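Structure in structure tokens, see below.
A, B and C label the chains in the order they appear, each numbered from 1.
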Amino acid sequence: MTTDGYTIELREVSFGYGPDGPVVLKKLSGRIPEKAITALLGPNGSGKTTLLHLLLGLLAHKEGGILVSGKALGDYSPRDMKRLIGLVPQEESIPFDLSVFEYVLLGRAPHLRLLALPKEEDFRIALDALETIGIAAIRDRSLPSLSGGERQLVMIARVLTQESAILLLDEPTSHLDLANRRRVLQIMQLLRDMGKTVVFSTHDPNAAAGIADHVLMLRDGRILVAAPIREAFTTKNLSDTYGVEVEVIEMRNRPMVLPF
Amino acid sequence: MRQPCRVLCGSLVFFVLLVWLDPWEPLAWPADPLPFPIEVVDATGKKISLSRLPERIIVVGQGPFMPMHLLYLFPQGKDRLAGYEEKFKVANDFLPLVDSRFSAKAALATNPGPEHVAALHPDLIIIKGSIPSPLGSSLSRLGIPVVYLGMENPDQFLREVRQVGILLGNRTRADEIVQFYQTRLDLLAKGLSGISKEQRPRVLVMGYNERGGKSAVQVPGRSWTQTIQTVMAGGNPVWLDSSQASEGWTVINFEQVASWDPDKIFIIPSFTLDRREVLKSFKADPQWRMLKAARSNEMLLFPSDIFGWDSPEPRWILGMMWLATKIFPERFSHIDMKEEVYLFFGGMFGMERAVVDAAIMPLVMLEGR
Amino acid sequence: MSTYRGRVQSVRGMFLWGTLIAIVCLAGSFFLGRYPEPYITPITALWDNEMARSVLLHLRLPRILAAFLLGMTLSAAGAVFQMIFRNPLVEAGLLGVSQGAAFGASLAIVALGGRTATIQICAALFAFVGLGGSAFLARRIRLGDWVLRLILAGIAVSALYTAGAGFLKYLADPLRQLPDITFWLLGGLWGITWPDIAQIVPVVVPCLAILHLMRWRLNLLAMEDETSFSLTSSAGRERFVMLLAAVAATAAVVSKAGQIGWVGLIVPHMARRVVGSDAQWTVPVSMLFGGCFVLLCDDLARTLLTGEIPLGILTSFVGAALFLILLMRREIKVRA
């Protein structure tokens, strides 16, 4: 599937749970450019996961519009949406010991008819995805036996198999140690270089600082900042977003955030 | 001498009066002198002593009709029975024929609590069973004597007849009843003297309800009344041949029946079914039809009137005799079953022939088909 | 094996083995019985006498088919329930399906005359009401995700039904009705005839076909809601269809055979131990294992002793024993 023009645009998007529930996201406006990595930053409870779910189409926004390459999300057919947008959730707990390969193969579902089984082509794509990520060696291990880092990579392999142009990742580095964090961040860069639009949420600004091209900062359900990283990463912006004093320094050509 | 003449006439008048008075009316025949204390060992093995004869007897628990019928074998039974647990309306169809004032008895709803029972002021509770039931235990804790009657087989039945005789203060009548049964048992034993196991026809007595269709039926437990009736009537019960999984009704599938291929088959249909239809359906079934017993017309219905003749209630003797006439017709041709029915209901329950003709005879299929 | 060619070979292998095993079990069972002699029936019996032929064709054959279908259904349904509810300890009892059937049967025995047809209709009806009740109740609960809600609702409905059945047992006449209810609850196939097969097959075969065709999708449906939503637009509908098929088939067989426990719980586990957790394998292998398992148990039930042994007892006993053995031997893990 070609990936041209998959920019996401948010226009005054609002969302609340239930008809009388509190409004969780208030008039969000901003742009998520295609073929780039966009980080969603914000403290816990600021609505990052909710926004990702809205982009996925899992939740329906109450007001405003979400457009992907100029077309409203609601106008896409469900089938096309599944081929377009993939999600790596925060965690995937399965009480059955599926093998890595079997799990990754599930990413082919949007491309298969209801009763169809994966074919040779699907196998090949899944294997390619595993190799791209560099985990082909563990393809026959069972999911519960994987470490946190391996599991994260496997989940990414799955959305890669899905061949979706837009990849949403919910807190992909939150539970990982240093080495695994770096690996995942590198993979995300690789995905971007492959032409994917990568959107990930994180509560750690340095993860964003490392690889993001574009940043959306949320606080209390509002977008405080939506800009390329250099513009966005200022002491003032970050302090406002997180509610604590921070300092931004430049390190090896990338910004870095120092909490006091 | 006028004096002896007058004595003679007086005695004659007295005697005639006595004959006129039906001994079964409430103003009855005096019982023997009351034995004190009244003691029985019941089916649970417990000894129960009463300081005086019970006047208000209540029957509860499973199958209440069985102890009730046993009580009614005695003239005092109908007076002393004060109430009973109503399980199934069928219980009320027979005793009103014997006792015109049966409807005056207190009928307790199914599964009464001890308070309900105690409210009727009983001085004796009778429960069918051989292990104490929760209701019985609660009632004995209230101080009301509880007697358990096992009523599981003919031997126990006769023992318990004597016990009830003690409880009602009428051992004479108990002797009469036992005599009635014993005579007939002796008759059967005599008729079967000298026969070997091989000479006994192979018999299957089976219970039938719709649940198995014709693919499976049920056979009675090893020590049940039906088994004993079969043996004492001269039959060889096929279901005793091999291992039995349980003591209750055991489900047997048709393959096993075909493997046994008994000489005679007696069917006990569930009381909810139309018996004639059941027999017809068995005879018409393509598989059952092929059995030896069906081909030689030896597939019969076990007789019953309002109550079955196959349970350990008083009618079992009729069932046993009837079986004998069907299993060994050549040895028991002298038994006139019709007359036996009259003798039983008349002698045991005091029912007149007309009543028996009206209510009992039409239901009994003495031919078995 | 994760290459496509490897997979194709495995599929063919499985199919051949499966068919072979099924044929052997079915054929073997055909010659087990109590006529004319206990245990083995010689093949000459087929043309020897009319009675033997009648017994084999009108009694044994429908019964072994019914046993196999029963096993297939309970196992497939168990596998489906376990994956959709993401819980390996789930079976039909969780949604009020088997309790509904038990209640319906008890009701028919105690209050509606106890005829076979009535029992079956009531059992099937109340099994469905059980599922419907659970689904309806689940919508009203405001606690946790849909899995939790449905399980809670199912527990509530099951509890209600169990209480109802208990009450009916209490009302039942111990001499006549209670033994009937007890035997029904223990389960047995001794009444199965060809008309019963004719009634079961139109329901069970399409339902099992649906479950088989959708077996790969089951993996998706076992994922977290976010993931399954991202991969298929009709996750909710697919789950509903599979649940409906599983319950319909279960209700149909349970109404004829009574309550047979443990099969839906144990057989999918056994299947997983042999072929892994991919539903693409687990579902058909569960069907095969389950069919053979119940068939063999029923062979024992009708052949071992003179009288019938309740099937539910055998499946629990044999199933639990097998399960223990399998649990303790960790080496058995043949991956497809």
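By our rule, contacts are C-beta pairs under 8 Å (C-beta built on N, C-alpha and C of every residue); 3 or more make two chains touch, one makes a residue touch a chain.
Every value quoted in this text rests on a predicted model; they were computed, and no experiment measured them.
Touch-path distance (fewest steps) from subunit A to subunit B is 2. Measuring from the average of all protein CA coordinates, the nearest chain centre is that of C.
Put simply, the C-alpha centre of subunit A and that of subunit B have 83 angstrom between them. If you average the CA atoms of subunit B and of subunit C, the two centres end up 45 Å from each other. Multi-chain contact residues of subunit C, defined as those touching 2 or more other chains: none present. For subunit B in complex with subunit C, the residues that touch the partner chain are 62-63, 87-88, 110-111, 209-213, 215-216, 219, 239, 241-246, 248-256, 258-259, 270-272, 286-287, 290-291.
Per the touch definition, subunit C reaches subunit A in the complex via residues 2-4, 7, 83, 86-88, 213-214, 216-217, 219-220, 222-227, 229-234, 238, 272, 276-278, 280, 335.
Across the complex, subunit C is touched by residues 53, 56-58, 78-79, 81-82, 85-87, 89, 92-99, 101-102, 106-107, 109-110, 114-115, 117-120, 123-124, 127, 139-140, 142, 162 of subunit A. Subunit C contributes residues 33-38, 50-51, 54-55, 58-60, 113-116, 119, 170-171, 173-176, 179-180, 183-184, 188, 190-193, 302, 305-309 to its touches with subunit B in the complex.
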